[in-house]
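Labels run A, B, C and D following the written order; every chain starts at residue 1.
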Amino acid sequence: MTEILIKNGFVFDPLNKINGEKMDIAIKNGKIVESVNEQKAKKIDAAGLTVMPGGVDIHTHIAGGEVNTGRMIRPEDHVKDVVSKTSITRSGTGYSIPSTFVTGYRYAKMGYTTVMNPSMAPLGAKHTHEELNDIPLLDKATFPLLGDWWFVLEHLQRGDLEGCARHVAWMLETTKGYAIKIVNPGGLESWGFGRNVHSIDDTVPNFDITPRDIMCGLAKVNKMLNLPHSIHLHTNNLGIPGNYVTTLETMKALENVPTDGRPTCHITHLQFSSFAGDNWGNMKSAAEEISKYINNHNHITFDMGQIVFTDTTTMTADGPFEFTLYQLSGHKWVNTDVETETSGGIIPMHYKRTSAVNALQWSIGLELALLVEDPWKVFMTTDHPNAGPFFAYPKIMAWLISKKARMATLAKCHKKAQKRSLLPSVKRELSLYELAIVTRAGQAKALGLKNKGHLGVGADADIAIYDINPEKIDVAKKYKTARKAFGNAAYTIKDGKIVVKDGEVVQHTDGKTMWLDVKTAEQLKVDEEMKLKFKKYWTVEYENYPVYDHYVKVPEIISVKASV
Amino acid sequence: MMMQQKLRVTLITGRTIEQGVGKEYGKSSPEYYEACSMVYMDAEDMKKLGIKTGAHVLVRTPQGSVVLRAVKYPRSATPGLIYIPYGPWANVVVDDSTTSIGMPTFKGTPAEVEAAPDQPVLSIEELLKKEFGR
Amino acid sequence: MSVINAVTCPICGCLCDDIEVTVVNNEVVKVKNGCAVCEAKYMGYKSEHRIRQPLVRKEGKLVPVSMDEAIHKAAEILANANYPVLYGWSSTNCEAQRVGVELAEEVGGVLDNTAVVCHGPSLMGTQEVGIPTSTLGQIRHRADLIIYWGCDPWSAHPRHLERYTTFTEGRFEDSEWKSYINKVKAVAGKKKLLSAQRVEPHKKPHETVAESLIFNKPPETLQKEGRKLIVVDVRKSMTAEMADYFIQVQPGKDYELMQAIRALIKDEELDVEQVAGVPVDYLREVVDALISCKFGVIFFGMGLTQSAGKFRNIEVAISLIRDLNSRTKFLIMPMRGHFNVSGANIVSAWQTGYAFGVDFSLGYPRYNPGETTSMDVLLRGESDATLVIAADPGATFPKKAIQHMVKHPLIVIDPHLNATAMLGDVVIPSAFVGIEVSGTAYRMDNVPLPLKKVVEPPEGILTDEEILKKILEEVRIIKSKRDEKTEAP
Amino acid sequence: MIVLTPLKKFQFPIHAECINPDVFQGKSVEEIASLQVWEGNRQKKLGDIFKIEATTHETPNITINGDVSEVRRIGQGMKNGEIVINGDAGMHTGEKMAGGKITINGNAGGWTGSSMKKGLIEIHGNASDYLASPYRGSTEGMRGGKIVVDGNVGSDSGSHLRGGLIKIKGSAGPFLGFHMSDGTIHVEKNAASRLGANMTGGKIVVSGSVDELMPTFTIDSIKPKVKIDDTETAQGPFYVFLGDLAEKGNGKLFISKANNAQLGPIYEKYL
């Protein structure tokens, strides 16, 4: 394997507390090493360039049944963004839900190397993995939806946390998943009969249990299983004016979960859960209330779910919420309920500057990211494709590092939103060091990915090099230059291979799929029990349910020893 | 009842379980031939043509014509409707117009049926030879 | 002897995965749990109609050749074609379908699957208005109103009711099997329906006088607790015999019927007294049943996708479901035909963005049914070569399309000497997917299931995936040689 | 200006969106000849498949003499100028057109004038399916401009119409004006089934007979005549229907009373 030496770049590696120092990075066998043989190594002259760990995305819907149905229903979305075959790359289509190959290429072009697919119905897990295999250039992992799984509801209803934990472990292994995903807890089961829950203390129909029980129960289960990531939560009442109260209650409820100092819950696309007001007309930002709480507590991390003004596609396991969007928009509507497990829905959505609600949502995302002081709690996402496609990240980076960029966009927004936005009073501009935290280091840390998000010896050689000279340009002023650089990495290196040069894909490589093998006591007993019960719950046979090893092209198995 | 030489009908093609079974045995199997070289007709319509189950009929559309065994539809009256199982026989006569969506009019082709006592029902090989020269 | 459990049946979109197969000396000798078609497949796969070696048409006759010759010939045809069609893909696994997309991209062809002649219109309807649907288990556990519209599962998806709908035990709804038996008993005088089901209908003596088309009033059982079954079709099918209520719609009038129901749900008054042969007064009662159920579902089939209106029929059916959701929970699902046509759509969509009818001739995927669908390309006479795999357009396409297909080189990959193979120029035998080849297939509700290999294929017979990879490799060799030649001068 | 003559009968689809006055503007014959087109899966130059000549005539900017029924996207997105096609034209002719004029002295392929915004398309033969209708999955129908067809039009024409006028001197296929919300369609002869299905606004005038009326339209009145545009009024009397009720729509169908006697017994009792 070739050795590479990246020379003289300005390195931003927050996990190793390196802030723009000019230094060399050595790579051998796909890993970062102390040094390489300068004579033999391929040298990359990074003088005047910014070097960061490869980007990490904690929440992006890129694969699986829901995503693919989104592709199928939107030919008019693909037709405006087509990608031709080259001698190295496959053809495909883009816009809001790019085809698999294009997804890999576009992430790599931005210097991203690791992405999390945060929403997978366990019954469709094989599908998700088949698609992940076809997303090149990236390492991936995927989170099974477990918050409304009948086995979780039944165990928590009985107060059997240990049993719940063992079944969750079974499911993580069976679906080759990475973290516990919870969406609108209790709401999805209610949606089975067309209903929903409206507070964290509503009772779920047919199951004597509340959203609070589910979230707290699974947060405890998460600890019992020693999972690398916390529970990954999409809150109740998402997307509804006034929902910040539910969000605050949710965070408060989770204070009681015992912690070893690490966060107990990641709230995803928090923007959608931070609405004040009681209807769409008087909707306001609750970023102040939410950020104040997060600043005073340490058990929560979150990602932005930042709105980008464009035509995109919303998709979530939150079936009832998508139904609400359907009632509001009358647009094409997909609903996909999954037996014993979860639900789902899709609605196309055009976010417009000229819409007061959309413009306010745009503001809320940025307000949250800037008002929460500790960047290790904040991660940049668009909840792709829900608030916008991921390849809009350079725009968001510009808004985060430049008040000028934010104000330029705000000036074009609906007047009502301009008046209600807190952004004019927010002076903060993230430094490149902080940006490296919210786009890679912090995300890797929250995910418990030890070899990702940093450039220390032993880390995976996943590196992004951008054409930004921090000594020469002030990115807050020259945000357009920075935006262009972030969208077209000078180099992206994946596992020690140069896959992107000057914004073009120059080499193909399959990324890995990471999954958890959680070792619990009584694993065989759970297997036996599942085998017996299986037919009562699902319409497929027990032995046809698991994601067998051959479904993962390049696996990286992470073993976890549970305490149950 | 007036006997008629020809009936104007609507042709529908579709699945039957026998066709489903036949295709799994192979397209040149006797099961497939039996299942697909036939046409379900309304009992009253058959009376009008003076035929009984098993009689040969000629089905004609602007696209072509094919000889089939007529079979009385057992479960309900379907006046003016004939039903040919999916297969090469049906496809000689279905309307190929797709109205620009890729799908021919497999159900709803206007057709004529007449008794054809002296004409043979072709085997699949004979049919392909006749229609496509191979 | 070995008994293999939980085998997934590679026939229809039900993808029943509880089949038990007994194998002796690398041959299937017994099948349990399957339907009649399933048994036919597992017994018929080894029949004399199987192709044993590659064939190439020489002087008008198909003659045996080596695998290498057949592969090279196929690759040459595709590499040289100006506008080839690559059609089929529905009776093979996703692994082969993946290679298929790559091959179509490499040769700049039109990639199309059998959805074009079955549920392509359903996908198009979905593109207009979306689709509120679920997995089949959701219906098993919860549905108390089941409607089969323009489909006859008894014929096309024989175990659908037993595994997923009316006759299955769910968490919140019970099987209607017992009350169905009682109903059958009550319909005395007629021969026992249950035993009659085992007899081929056209062979069985039948004494019922043709019922008049005068419409039956909806029965009171439509308002009962528990699962109800309604069938809408142009003729009384076997499934309709089991229904609580059968609506005989005039042929080609489903669109009007559904649109009228939509208006009634919205409390609109209709000026007409009957729609599609059904009195509006009866329709009102049907509407009551629709909105008073707890969880309803419509399954639909070719009766909608192939009759006048085609994809608009699906669009209106889905619109009806959308409307119903403001009153109760209601879902809809297409009765997908081939066992992995869903997979063909899914693989095509994740690699290209489009589920069928994908044209790579401009170097990137393009999609516009009517323009880029295989059927229209053939009918307009545009293509100059065809590859057919895992489908039989020779038996399923209208005459005119086949006439154009046989004017130009035709490559066929299939285990059986099907109608297309009989017409082909290059015929490459392949192993039976789901019997001799494992892999993945997608059920009608897009649930992925593993296919099992229960016996070894005959010696020398390759899998679809292997054949396609060889052709792809050969195409690349031919193209690079050609590029060298054109660059040389 | 420029005259194009096909050098052969085309079997494979030709993609030639470069045949557009805005593109030809200011280019020499040589430059025009080297514009890129696709023939099947091969990239070609326009000059490979067309004889290209310049004339001294000022208009039309582009004349095509011959059968170009396999040539797609002629005049796509054009804003200015004029194209005359003496022969049959292929699919997507004048798609997303924003100005200028296209004359087809022959038949027009599917999606002619798809989603057009402005300008004029005159078709002196028949038009195929999806005349003026948007691309799959899109609801962006024709917004403005005018299409005149001397012959018949295929199915699903004028769907999602939002403005402008489609005038059909012959008959129209099924689903005419599907889900239209504004604009006008006038059929001088007959209209097939599912006329105006899902329409929420705008008007369709049928001076001949209708195959069948959707059950989800309700009779409103009888009017002696109806305005087609500023220059034309269609003479009735017309039955006026409102619908589509399934969409709680406010579209108007004007159906000739004289040519549709079958409607009288069903509907006149409600007037």
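The definition used in the following text is that contacts are C-beta pairs under 8 Å (C-beta built on N, C-alpha and C of every residue); 3 or more make two chains touch, one makes a residue touch a chain.
Treat the numbers as computed from the prediction; the structure is a model and nothing was measured.
Engineer: Look at the interfaces B-D and B-C and say which one is made up of more C-beta pairs in contact.
Structural biologist: B-C
Engineer: Can you compute the centre-to-centre distance for chain C and chain D, using the mean CA position of each chain? Integer Å is fine.
Structural biologist: The separation of the two C-alpha centroids amounts to 35 Å.
Engineer: Suppose each chain is reduced to the average of its Cα coordinates; what separation in Å results between chain B and chain C?
Structural biologist: 21
Engineer: List the centre-to-centre spacing of chain A and chain D in whole Å, with centres computed as mean CA coordinates.
Structural biologist: 46
Engineer: Could you pull out the residues of chain C that touch at least 2 other chains?
Structural biologist: Residues 124, 127-128, 308, 360, 362-363, 367-371 of chain C touch two or more partner chains.
Engineer: Two or more other chains in contact with one residue: find those residues in chain B.
Structural biologist: Within chain B, the residues that touch at least two other chains are 99-100.
Engineer: Listing for chain A: what residues touch at least two other chains?
Structural biologist: 73-76, 79, 332
Engineer: Go through the chains and record each pair that touches.
Structural biologist: The complete list of chain pairs in contact reads A-C, A-D, B-C, B-D, C-D.
Engineer: Quick check: in the complex, which residue numbers of chain B touch chain D?
Structural biologist: Those residues of chain B that touch chain D are 99-100.
Engineer: Touching chain B in the complex: which residues of chain D?
Structural biologist: 110, 128-130, 154-156, 173-174
Engineer: With touch defined as at the start, can you tell me which chain A residues reach chain D in the complex?
Structural biologist: Where chain A meets chain D, its residues are 73-77, 79, 332.
Engineer: Help me check something: in the complex, which residues belonging to chain C touch chain D?
Structural biologist: 81-83, 107-109, 124, 127-128, 255-256, 259-260, 262-263, 266, 268-272, 275, 308-309, 312, 316, 319, 360-363, 367-371, 381-382, 384
Engineer: Can you list the chain B residues touching chain C in their complex?
Structural biologist: Contacts found on chain B: 10, 12-18, 20-29, 31, 38, 40, 42-44, 53, 63-64, 71-79, 81, 83, 86-88, 91-92, 94-96, 98-108, 124-125, 128, 131-134.
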